[in-house]
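Here the structure is laid out as structure tokens; the discussion comes afterwards.
Chain IDs A, B, C, D, E and F follow the sequence of writing; residue 1 opens each chain.
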Amino acid sequence: VREDEFRPIVPPVVARHAPTGTLLRAVRRDGPEGLDIALYGVPMDQTTVQRPGARHGPYQAREFSWAVRAGSNSVTGAAPFDLCKVGDIGDAHISHLDDEGTLKNIEEFVQAIVDAGALPLGVGGEHTISLPILRAVAGGERGPVGLVHFDAHPDTIDTMVDYGRYAPGTPFRRSSEEGLTLLDKHVMIGIRGTSYGEELQFAHDNGVTVIGMDELDELRPKGVALKIREIMGDMPVYVTFDMDAIDISAAPGTNFPEPGGLTIREAQGILRGLTGMNIVGADVVCFSPPLDPSGNTALVVNNLMFELLCILAIARTQQV
Amino acid sequence: VREDEFRPIVPPVVARHAPTGTLLRAVRRDGPEGLDIALYGVPMDQTTVQRPGARHGPYQAREFSWAVRAGSNSVTGAAPFDLCKVGDIGDAHISHLDDEGTLKNIEEFVQAIVDAGALPLGVGGEHTISLPILRAVAGGERGPVGLVHFDAHPDTIDTMVDYGRYAPGTPFRRSSEEGLTLLDKHVMIGIRGTSYGEELQFAHDNGVTVIGMDELDELRPKGVALKIREIMGDMPVYVTFDMDAIDISAAPGTNFPEPGGLTIREAQGILRGLTGMNIVGADVVCFSPPLDPSGNTALVVNNLMFELLCILAIARTQQV
Amino acid sequence: VREDEFRPIVPPVVARHAPTGTLLRAVRRDGPEGLDIALYGVPMDQTTVQRPGARHGPYQAREFSWAVRAGSNSVTGAAPFDLCKVGDIGDAHISHLDDEGTLKNIEEFVQAIVDAGALPLGVGGEHTISLPILRAVAGGERGPVGLVHFDAHPDTIDTMVDYGRYAPGTPFRRSSEEGLTLLDKHVMIGIRGTSYGEELQFAHDNGVTVIGMDELDELRPKGVALKIREIMGDMPVYVTFDMDAIDISAAPGTNFPEPGGLTIREAQGILRGLTGMNIVGADVVCFSPPLDPSGNTALVVNNLMFELLCILAIARTQQV
Amino acid sequence: VREDEFRPIVPPVVARHAPTGTLLRAVRRDGPEGLDIALYGVPMDQTTVQRPGARHGPYQAREFSWAVRAGSNSVTGAAPFDLCKVGDIGDAHISHLDDEGTLKNIEEFVQAIVDAGALPLGVGGEHTISLPILRAVAGGERGPVGLVHFDAHPDTIDTMVDYGRYAPGTPFRRSSEEGLTLLDKHVMIGIRGTSYGEELQFAHDNGVTVIGMDELDELRPKGVALKIREIMGDMPVYVTFDMDAIDISAAPGTNFPEPGGLTIREAQGILRGLTGMNIVGADVVCFSPPLDPSGNTALVVNNLMFELLCILAIARTQQV
Amino acid sequence: VREDEFRPIVPPVVARHAPTGTLLRAVRRDGPEGLDIALYGVPMDQTTVQRPGARHGPYQAREFSWAVRAGSNSVTGAAPFDLCKVGDIGDAHISHLDDEGTLKNIEEFVQAIVDAGALPLGVGGEHTISLPILRAVAGGERGPVGLVHFDAHPDTIDTMVDYGRYAPGTPFRRSSEEGLTLLDKHVMIGIRGTSYGEELQFAHDNGVTVIGMDELDELRPKGVALKIREIMGDMPVYVTFDMDAIDISAAPGTNFPEPGGLTIREAQGILRGLTGMNIVGADVVCFSPPLDPSGNTALVVNNLMFELLCILAIARTQQV
Amino acid sequence: VREDEFRPIVPPVVARHAPTGTLLRAVRRDGPEGLDIALYGVPMDQTTVQRPGARHGPYQAREFSWAVRAGSNSVTGAAPFDLCKVGDIGDAHISHLDDEGTLKNIEEFVQAIVDAGALPLGVGGEHTISLPILRAVAGGERGPVGLVHFDAHPDTIDTMVDYGRYAPGTPFRRSSEEGLTLLDKHVMIGIRGTSYGEELQFAHDNGVTVIGMDELDELRPKGVALKIREIMGDMPVYVTFDMDAIDISAAPGTNFPEPGGLTIREAQGILRGLTGMNIVGADVVCFSPPLDPSGNTALVVNNLMFELLCILAIARTQQV
């Protein structure tokens, strides 16, 4: 582990069982300057359709930093804190007065990361936040990104009654309309459950690759990763991970759990299979702490964020 | 218990341990017509400042209808279902697209109750909802009402940063500005906790009667009720009960519990002491089911709603 | 989704996060007349051997109707509410005074469904209830049915000390004795755990097909479904799903969880593999809400009931 | 603490944080012979009207024996294990085949204690069990006993629909009919909540002393104890403690909690005020462990059982 | 609220529902220099006798900083952040290799606070920690302090089998032996429960003032505070608050809850009654987060720490 | 089931839903004499690095004995109580004064089992305890044993800061140094998670067989068992099962859960695959009851202990 100012906060600086108050034990920074990877939170849940609480996601993620050892990945050997300068730059500002203004805040917060030349790794917050994040990541000169999208639901509804066009069920309809993502470079993993039908139809009709549980059973995680690599090639790719992609038994603390999802090992396996791809950012969303008082979902969130950090760190070393 | 169409749903129509799917075991009605007292829900929490979840309040209140015996109050002897025609008319419609429109929906929903000549007894939902309810109850020809206000917090802030003027901390600042409540006929019970000061100062400066825990210790519930009666006299009175008035040990499932609150017995005692007053409506708010998986807070909510029903039923018989 | 009086209760009639107070969002009906599929509850747990609480199963299943989208199955595409007229007809009457009389009540309740020409889909309640249900479904002119039986335990004990011959461990010994089920058309899936031995021996000795976890590992869900189809052919089949078939990690809220059970995906896969079979009824039993305060087991119950509804709806269209 | 074979199981025989597997750390005995006070369990809940689970009461009470120091009462100074030979003799046998036979089993189990000259201190189980216990304690030559009855509900219903004449709501109607208790020597403490009315009317009409929460507020625990002593004089007295007498905030793990009950301190105060009375037995009932996963209610049960043991031990030394 | 570098962390710097990662919203400081009051944690539970987990106390206290408004006390009006420079200086270092060395670490950590002229307000950790804290606070030139001691247990055992002389049951036996506290200036509040007797006898024999629950009932909080003031006069006083002083219903997350304790209001009332005394430090101990997954105990801990901060701040302004 | 004094405690001796107060329903014995297999507990957690609570493991394992049927394994048919005399001999004595002395106590406790010719099957307590157990099992004339080691972490650290050389992360570094285990006969199953790297490097460098989740995915449980059999041959083998080997979804009640672990079925499959090997003892460790209030982890612990008992019983019959 590195010895400079970006050294993560490890024992005995704090007791082994102590949280660091930062994401993944990274140091706290006031802004993205000088970082390779900027960790951040988006405590927004004001447009949540079913069960709220995701606003507490970033804070509980930080509280469970005790469960991370900021060394290496025991499977892939990746050592993200050695490879990169990583810092937690805090949270985007959320205003309940103005949903549109809040989306703008989030976009600007992430734009600053992008402008500083760092890769953003965020934790939500509801899925609505991925739209402004993509506006920063895939807007401007970079252009559209490939989307690796873990989720129980397609989130490609056009307009939700009582929630409108900017809501947790719509971000990837919007992102494709805005030219931030390409529908034929959009891979959904984990889609399942009862459905009103429209959003899934849209995905099928427009060339989105929808990998359901049966296909995952056949391809296994390595096959899924291979398929993603074939689709994406060298293009810049963004990874969005809705925690309800994971089965309710392993991640009950989500806004709308759908029984029958990915095991943690499958999620880990797919993410590790993305190692070496040109990943330009990632988020973990729809994690609602009040719905899992045990904190176990927070432990899983930290675990998956560490896996994302590993593949981001390797991507970053290749991008520079 | 009455034998007509307003007879509450009692065993063996459903098993003793079964909920009726309605508030307080009342029959389900499509509207307030023909009712003396209309029970209803307002599943709104989109402006919640701290911990959300109150949107689930009306549903969990209905689920715990098993814990009510729709007969008489074993202390006061009041038998509200004998005295009055009581029905559950469902929920006001909430839209996340438009906070202002939603407040209008709530107002119109309650206005229909008032127009039908029934007394409204609602369950929230966050405290923001009391403003549109008061617009219906105290607007029009009735004019301003006295306010019996159980709460840990004054909710008389002018404007909340990031939440604005229509938020859970502001309804009674607004209601007094709009002439719906009179500050010298506003009694707060249960105010405590750490404070930013402004809202409490406003209350003290404007003649609101603030009964803190020390005064409650001295006056005891009967004395508090007596004081309220002296202040209110015969005027129409609205009772708003924020569940955080109750101590965290007895009602943990609230948005923002403040340690050191009322015991259930004290709350019951004060409410029973209002028997015979000219009460024109009531609500129970800030009950957030996800924050108490045991359901115990829902049991307390049902208990206090039954106490409110008793005093509303007696008031109703005197008003007609 | 259909537009007649059998249209399920969907948003915005109730808020998206709101339960409908009915099973699977179906409309509430006073009886089975006019229905294709009748949903119902049996809130009985008075003969439970280990941990009681299944009496609350029907009510919590209704409370979690918020988690169902009454559209189509995102994997099989089945749209049960389009195919069939579905209604929730309430609960069979349970008396604690008389176990025998209670079994008779249940039988008559389900007999009315059968007589009305509807398929019954019930939620318990303990496994004892499947005997009187089978008396209605497989008695009379229809004659014996094939039994697809998900369970951790064979439930083929002859007599239980202190519980006798009509208890949760005996229903399928009784049903075979009474000629309601045929032992060589009885397939058990999920049997495991420590055992006193007798009941499993009986199954093996009498031609019951016992599919343990190892065989499931080999056949995978599709192979299990294929095996069931071969055994059953075109005969009428009843599906009984004891929630303890599912692993404790995914369905902890059962009377007697046995570690090492089916994943939700395996259960879904097998059920979907039964599509097109001649299914004449189904139940989900042994779901005990107090043993899982999180409500996650209730979510899984709703999910599996929806899968059952899908295969029942398709069966029904073929039967008419 | 005594040094003979009746010495309770104290550290370091087991670790301080370890349960002893017996009630109140007493030694395990095969029968009541040689004991002054016999502790026992009655794991019955098959007639429970609302929420079951009290069958697990005796076992969880034993699991929380770690929370008892088998020395002296720090307030009254009573040292029951020094005064008396105390043992845990296990549980009465419960059969689900035969409610009447089960009541007979309980009666005979307690009769053996009485015949051995020991005082019985039992833990349930639902309130139904107090009837057969009273048949043993107050039958035969001793004749009727005074009844100190802590409860939220009168339990003096005549017949309960679907439950009949031997159910949790009826034991003290039956005990008075059978001449086991005298209605004018029956004191109820804690009665409250919503009511169907009949049972409370019966109590009032027949000379039962009903001490509600308001009277408790006035008399305070000492006054209540004094009133009980005046009513009972020297007559033999039985104490039955339904855990729902305690407020839901302090004892949520009961079959049917009623908000607004006794604090633990009030219960302790009244029980201590009975010191020196001619107490001939006691039970603690309606404690349902699955309804309080924290185990806190079990801690309170142990605490109150220790208070009962103290007053029984002193009574016993005066009786011999 | 102050505007300099000691301004507490208030919204909108962080969202209203966000923790600050520091105790009571204070700023994070690397050491006590320049502070009037130093907040700190002692994450030690390695000598815990019953249920461990208090090592997590400081971290969960920081996580619940969201529940504090860093303004004024709504009852006393005290505004500690206006009166004093307050900072959170982190945690004393704990080593599991060496209990004695760890006690030395704690002493030196607090000594640095004392030497910097600041008042220490700590959160544990088990009660063992109060001994080294008192060595720093009451050692050296200041000499012995009066001890205001909230606790269910006297903690004045001489030697605990398997735990020895430095354990949670012994700190105040040691502190009196070492001349850090005076037994006739030691006031215990909340002592109750079952007892082995020795420790309480020692207290009674040596002039300790033991205020049990009955005396609290008579004196009420104001009377208790008055009695404390009479005993202490102007001498320097240390306040130690074991969370098990509070009743199990309000603070279940403690190592060894004793039913029948103080209400939160009583604790608040006594603490407020100490306003103006010469208080030189305080701690809150025996708060074990894993034993209360709801976090409610953490909320109460924050509330009581704020009350302590108020009286420390006023004391500090008088001391300078 | 056997009929002699070693007959396990089965219904109706206790109610079916009742725990026996002993491990796996075995009879309670004062010592290992006359036993084939001695069950025991080690309630030690004083060196725990992360979350404590494993001291309560043995007691909660006994409380969940209700969940075991002491007959046969429904998959392998093994009937351990028929094959062997099995008893629960209680707990090793733990002293908090002296970690070294405590390790000696544990060693001597297990040495007595070995000397009596019985096989030890223990339940912890933290992983530190496996070192003294191995000193008894693999010391003396038997010499080094093969180690089948289920764990998320290698536990082969040399020295832990603040915890030293005898801590939960070091036992198998010590056991190899002391010649109790051979590194090339050490098989680790389940290693995963973030890592500091040193301990895993040590394992890889010294010939330990590390089976990660990917290899398990390929080999499946049967292949893993085969590989273990090839490595071990006929040599005496000890099995140590750290509950964190199991995925967090199935065993959340552990000191340090690592997402992505074994399913229960995989663990069962591997253990069953060891049938017939020369197993000389086993333990289950790192089970922390306070971290899983549902008790589900305790159910899994009982299940895996029964699987271990089965393979120990068969080994025992071959060893004699």
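Quick notes
Everything that follows uses one rule, which is that contacts are C-beta pairs under 8 Å (C-beta built on N, C-alpha and C of every residue); 3 or more make two chains touch, one makes a residue touch a chain.
Keep in mind the model is a prediction, meaning the values are calculated, not measured.
Centroid distances from chain C, each centroid being the mean of CA atoms, peak for E. Each chain gets one centre point, the mean of its Cα atoms, and the points for chain A and chain D are 56 Å apart. Here the CA centre of chain D is 41 Å from the CA centre of chain F. Distance between chain B and chain D, defined via averaged C-alpha coordinates, is recorded as 38 Å. Shared interface positions of chain F, i.e. residues touching 2 or more other chains, are given as 12, 15, 17, 49, 51, 55-56, 66, 94, 162, 247, 249-250, 263, 291, 293-294. Contact topology of the protein chains: irregular, matching none of line, ring, star or complete. Per the touch definition, chain F reaches chain C in the complex via residues 1, 10-12, 15-17, 66-75, 79, 220, 247, 249-250, 263-265, 268-269, 294, 296, 299-300, 303-304, 306.
Taken together, the chain D residues at the contact with chain B in this complex read 49-51, 161-162, 191-197, 200, 212-214, 217, 247-250, 252, 256-260, 291-292. Listing the residues of chain B that touch chain A in their complex gives 45-49, 51-53, 55-56, 94-97, 162-164, 167, 290-291, 293. Of all residues in chain B, those touching chain C in their complex are 12, 14-15, 17-19, 21, 43, 55-56, 58-59, 62-63, 66, 91, 93-94, 293-295.
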